[in-house]
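Below, chain A partners chain B and then partners chain C, in two separate complexes.
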Partner chain A sequence: MKSKLVAAAFLAATFGIAGTAAAKDTLTLGIGLEPPHLDPTAGAAAAIDEVVYANVFEGLTRIGSDGAVLPALASSWTVSDDGLSYRFTLRDGVAFHDGTSFDSADVLFSLNRAMAEDSTNAQKGLFEPIATVAAPDAKTVVITLKRPTGHFLFNLGWGDAVMVAPESTENNKSAPVGTGPFSFKRWAKGAEISLSRNDAYWGEKAKLSSVSFKIMPDAAASAAALMSGDVDVFPNFGAPELLEQFRADPRFEVMVGTTEGETILSMNHANKALSDIRVRRAISHAIDRQAIIDGAMFGSGTPIGSHFAPHHPAYVDLTGMYPHDPAKAKALLAEAGYANGLKLRLTLPPPSYARRGGEVVAAQLAAVGIQTEIIPVEWAQWLERVFKTTDYDLTIVSHTEPFDIGIYARDKYYFNYTSDRFNKVYADLTEAVEPEKRNALIGEAQKILAEDAVNGFLFELAQNGVWRKGIKGLWANRPVQANDVTGAYWE
Partner chain B sequence: MLGYAVRRLAALAATLAVAALVIFLVMEILPGDPAEVMLGLNAQPDTLAALRAQMGLDRPAPERFLTWVAAFLSGDLGISYTYDVPVSDLIAERMVVTLPLALMAILISTAIALPCGVLAARYRGRFADSFIMGVAQLGVAVPNFWFAILLILLFAVTLGWTGAGGFPGFEDGILPALGALLLPSIALALPQAAILARVTRSAVVEVLGEDYIRTARAKGLSGGAVLWRHAVRNALAAPLTIMGLQFSFLLAGTVIIENVFYLPGLGRLIFQAIAQRDLIVVKDVVVLLVALVITVNFIVDLLYAWTDPRLRKAGSDV
Partner chain C sequence: MSEPQLLTAVPTRTPFRRRAIRHPGFVLGGAISLLVLLTAILSLFWTPYPVTELNIAAKLRPFSTTYLLGTDHFGRDILSMLMVGAGNSVLVGIVAVGLGVGVGAPLGLLAAMRPGLISEAVMRASDLAFAFPALLTAVMITAIYGPGTVNSIIAIGIFNVPVFARLTRGVSLSIWQMEYVSAARATGVPPLQIALRHMLPNIASPLIVQATIQFALAILAEAGLSYLGLGTQPPQPSWGKMLHEAQTMLYFAPMLAILPGASIAVTVLGLNLLGDGLRDLLDPKLRGGSKRRLSST
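Here is the complex of A and B:
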């Protein structure tokens, strides 16, 4: 008898949830990776921002769904004519979730903490152009730069630049306190992170009363959770091979959006063969991008010809510079002295774009006479071997930071690429402020990278979202690593 | 008996000490830097150095080893590098899932396997035997994660009786929590039951051929009494050994099932900690697991003594 009651309760609970879908004001999202902690100012993991960006924490500016810079905790700003001084006016009536008020002292605290010598901010470079920060009054902040920095307002919109309070920053990793429309409720480690609506929010209040992020590393489990109604939305579904099934299911919508993830076949220019531009061009001709996208990503992804996101207004389509041409690739290799073949290591980190893409790339390279030894590694090994000590020849990785073309101007980055021409263009770009001039320079930078065939530019990673029908106001695209649920509601 | 216990404890301590050293050395050799994993591709060298200093990674290895052991002995398991919370809290949170799951799985497995194994031995060569052993063969061959996915598809997706996974915690009552662990524990238990049933069957078959069974029968005991009082009890040593091994496995080796049901268990904690180079968590959990396995083995030893009076006597002589 008792067991029958339990079964009935189970049934009631299941149908109860399904039956009230129309009046629902809660949302459950599935995420593949658990954030290590919840402080976006102290870690690089995308999973941190995927939970807290815009929802819990806000910066002076923020990035909107189309990648544009929008006002956030700063309601407005003025920039001096020389581009060196930014004067921000802060919003009134802003409070942190613990009740402490937000003013210019918190801005000073947050920025100084990020720039401090013992700062553990993963993007400390964002703050490097700042010379001084001053707070003439409680509602005004003046930031003076060392040199004009074109994308400074964009940089302030990163998750790593959000505003934190001196009273609560100590505990932000496990119990984050921000100013956003949602406040942190509970983190059942390994299982679920829940947020609830902040009814004292300064701006338009969230429509959802609570949001929870369920951590589901397994693709089959994620699919089952969507179908059984345990999860409403997977903003970035990990298994592209299962998307067809959801497209065919009337309960769901599949939203294919763009990301900032340039997926590239990185080459180590310290390798003798790869330091030869003919070899790099041969590899670029050997690659068939569409075959990689079809084979590794089941068709989702956009081909790229340089290190730049296709949805950006300053994008230049350079995919035609090295069309797929095995004969030409062989000729270039022969010219470089590798007519009898070449042997390279291909180190692959865990994500499926790399592991599956690597198999396709290896086959395409073999077709032009380049033998590859595939070395699968885990992330920590990849960071150590490829990224830090550059003990590799080829690797496949997605660079997911927005507007990260500047990595090619860095000294000792893991490609070991140096180009005075590129450095000059990039230096001009960082100081340029007018949009036309900036776009022209960005185009120029893309062209240099393609001409030099610095890396094999493969494709822009797609974001494959699976949404339960009826949810509105979520982001289909991913201009920053975030799952902004502040505007989400059920229809 | 006291001397025996003291010697057992000394052996336990020595095993733990060796295990701690080996684990520490392996973690040292392992390539990968926790600070780099945390800060990612854009981190600047001075930021990495600051984080390493904050984690205490800038000090020499012997010093770190001794600090760790000393703190461990005083009950302080340290602070997780990535989660930034005490490791003891993390382990306690995970044990809330892992312990009930392992216990339920071993209970289900035993409840199925012992009667089936004994039955198969009793009716050796007959239909019941072939049927049970046939099913057991299948149970050994089927991977538990695949079986788990089938369970989810049937009970969660098609019938909608349960959720597809997850763990609500014990805050909302014991029944929902144990209910959430039911499918995973069945998925874990069935392959284990298959092995256990086969072992039980061969052990009982072997004992049934012994002279004392013939004697028991000759003195007129009923078939049931011979089977349960003489044969099964004497045949329990082998199944007990297997159960001990299976329980140890269930404490940490269930990461695949945890992933399929997205349960926050101990297995996934270690898996994640290794990937993120949260070395302190890895070291603490592995040492605790070694201690647990030694304890389980000790309990199995005691159970042997219960099933075999000769061992008990030898034990008290020592």
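Here is the complex of A and C:
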């Protein structure tokens, strides 16, 4: 027994020394959800982009860690004065991981594929303003738009707009081939996706030789994996209650950043009670955002008053429009004819912001006389019942796409909300180019949503990264759904 | 020859109550079970704090005079939640075991009294139900019909049916062959009356013993289902759900997991002790003799 202990100590000591002597050049990241497949141009799941965006696939432009549009496969571009024509100059010496070269023909192929009638792209709206795409020569692409589109360059930086090659698209779901600094190596379903360095990369080569994404849906197991060193980094740790403990642990750093995740209490306007603005306003008054953030998220998150990210320059603080006021909520309900109470279903997807947040919301609604039946569902059921067939009354979900206020202008989106006023403002916004005008319209759009109390606007999800000390060059914020490891290195 | 035996047997029988008090397992098990039952009944009328009201300002409080067992992450009083959780567990146990006895025992009696096709049908159906792992099928049932207390009770109860059907048939078969039953049948007593008056009282002891064991298993199963999110739904507290919620808070609030976990463990232990004690006390072969079944036979 004693000798075993000595041996164990010895082993631990040698490994400890080995660990410090040789600079580590591999990284293991933990992610909560397994992607359904790995083709970002054919699926809405954020988990796809979280693995492949910027690492494996690149677009003409890309989004930087601060949300700015940066050149990627297009080294530069010029925009015509009328804002309708974009001329991109492509980079030299770019090759896909399978060795085929990248040129304007690939851009034509990728964009036409995304715009096609039978396209499976989840964000077809990004490409909708495009009228024509032309390739005057191998290094030049000219995109002509139907109308000026303010955030077109940003749109091209989405994961859904990455460049793919005609030779390899067919297998991108299982074995993605892109132009990025990492190439796909292996996917052990249910466990891990590994990438290795692309030594033929056109730009600055990655410092890490390999990166693996471990799929860990369970928060307690994630914490244990971090403690044991099986996982180096959780870019977005799912259990905010454990952050205090990691803060106190000298082996880790807790990086609190921003995300684009507006966490909202979505309401189905097709429900008779919820189609009444007084009921929706009553619900907005019944909600105590800070209590939800403290109770469900252990203080992690920023209150929001409309569907917009607080760190965005065009953000308008509307959290004061419906202060927590149960008496007022009851009065509004009585006015709407629900003085004797109202019964609604509250469908909750798996993340803790929804399940725990749902319990707090249910208690707050109960306090003003709205009884809720809590229905916990898995993601697949949520997508089917809530998102597709809109068979729900209330749900809690985080909308993590960047700048997604446009969903309120969509026909038949799962809120079943229609407002001519909002549609008008949004239509003006998509055509506006000058920043001041854009910001004014964005502010206007936020106000309409708040005035209409379309949904219960709860809080902006924080990005709670837990990083092993010594790792540098990762993103603390999450301007797009991505875990960009291209600049990561160990110190 | 039979008369002297009867005469000697009677004086060695000590009264049930006196033997029960001297049986430590029975006393301890009974005390625990009674405590859980009384807590469950009390929770229907009174808890220190309302369990569905959240008080986030008072979250994760330690043990104190205001909150005897502290509060959880929503500021709910743990003692109140444990009390309501006890009520939930007892309810599940009573209904699930009731369903098992209510359906299983008549089926078993029928199988014993009607050998042949009916008996075979009942027994093979039981075999079929036994072939599936109970908890897995309970998971399946709640997955199909939706999670919730009622569905989980039904799912657990269904699994008690073959348990009691088999047991009832087993013990009834030997009684069915007894002379007094044959006599009753020969004099034309209707089968239902034979079953109720002559058979049921004689198979009651093993059924009671089995019921306490199944009661404990039902509580465990409900805790398991609630832990998986398929049993009792929020805002109603249950021991299994409390355990699940406490899981990520183990590092800084271990009591949130220890208290419901201990409640489940102690309750199940108590019911098992009670069941073992009852078996010792009710088994006619053991009355007044050695405690061990094997050594007496």
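Quick notes on this structure:
One rule holds for everything that comes next: the second predicted complex is superposed on the first by the 471 of 491 C-alpha atoms of A that agree within 3 Å, B and C clash if a C-alpha of one lies under 4 Å from a C-alpha of the other, contacts with A are read in each partner's own complex, and residues count from 1 in each chain.
Heads up, the rule we're going with is that a residue touches a chain if its C-beta (ideal position, glycine included) is under 8 Å from a C-beta of that chain, and two chains touch if they have at least 3 such contacts.
What you are looking at is a predicted structure, and each value in this text was computed from that prediction instead of being measured.
In the superposition on chain A, A:437 makes contact with neither chain B nor chain C. In the superposed pair of complexes, A:220 makes contact with chain B and with chain C alike.
Once chain A of one complex is fitted onto chain A of the other, the partner contacts of A:239 are limited to chain C, with no touch recorded for chain B.
By the touch criterion stated above, A:384 is placed in contact with chain B alone, chain C being left untouched.
Residue contacts after overlaying the shared chain place A:291 against chain C, while chain B stays out of touching range. Number of chain A residues touched is higher for B, counting chain B against chain C.
Residue contacts after overlaying the shared chain place A:399 against chain B, while chain C stays out of touching range.
In the overlay built on the shared chain, the residue A:366 is in contact with chain C alone; chain B does not reach it. Of the two partner chains placed by the overlay, only chain B lies in contact with A:173; chain C stays clear of it. Residues 220 of chain A lie at the contact with chain B in one complex and at the contact with chain C in the other. Of all residues in chain A, those touching chain C in their complex are 219-220, 223, 239, 241-242, 244-245, 291, 294-295, 298, 356, 358-360, 362-363, 366, 374-376. By the touch criterion stated above, chain A contacts chain B in their complex at residues 6-7, 10-11, 14-15, 18, 34, 36-37, 42-45, 117-125, 173-174, 188-192, 214-218, 220-221, 224-225, 227-230, 378-381, 383-385, 387-388, 399, 401, 404. Chain contact summary for the complex, chain C toward chain A: residues 52-54, 56, 59, 73-75, 146-147, 229, 233-235, 247-252.
Interface residues of chain B facing chain A in the complex, by the touch rule stated above, are 30-33, 36-44, 46-47, 50-51, 53-54, 82-85, 90, 93-94, 149, 152-153, 156-157, 160-167, 169, 175, 179, 259-265, 268-269, 272, 275-278.
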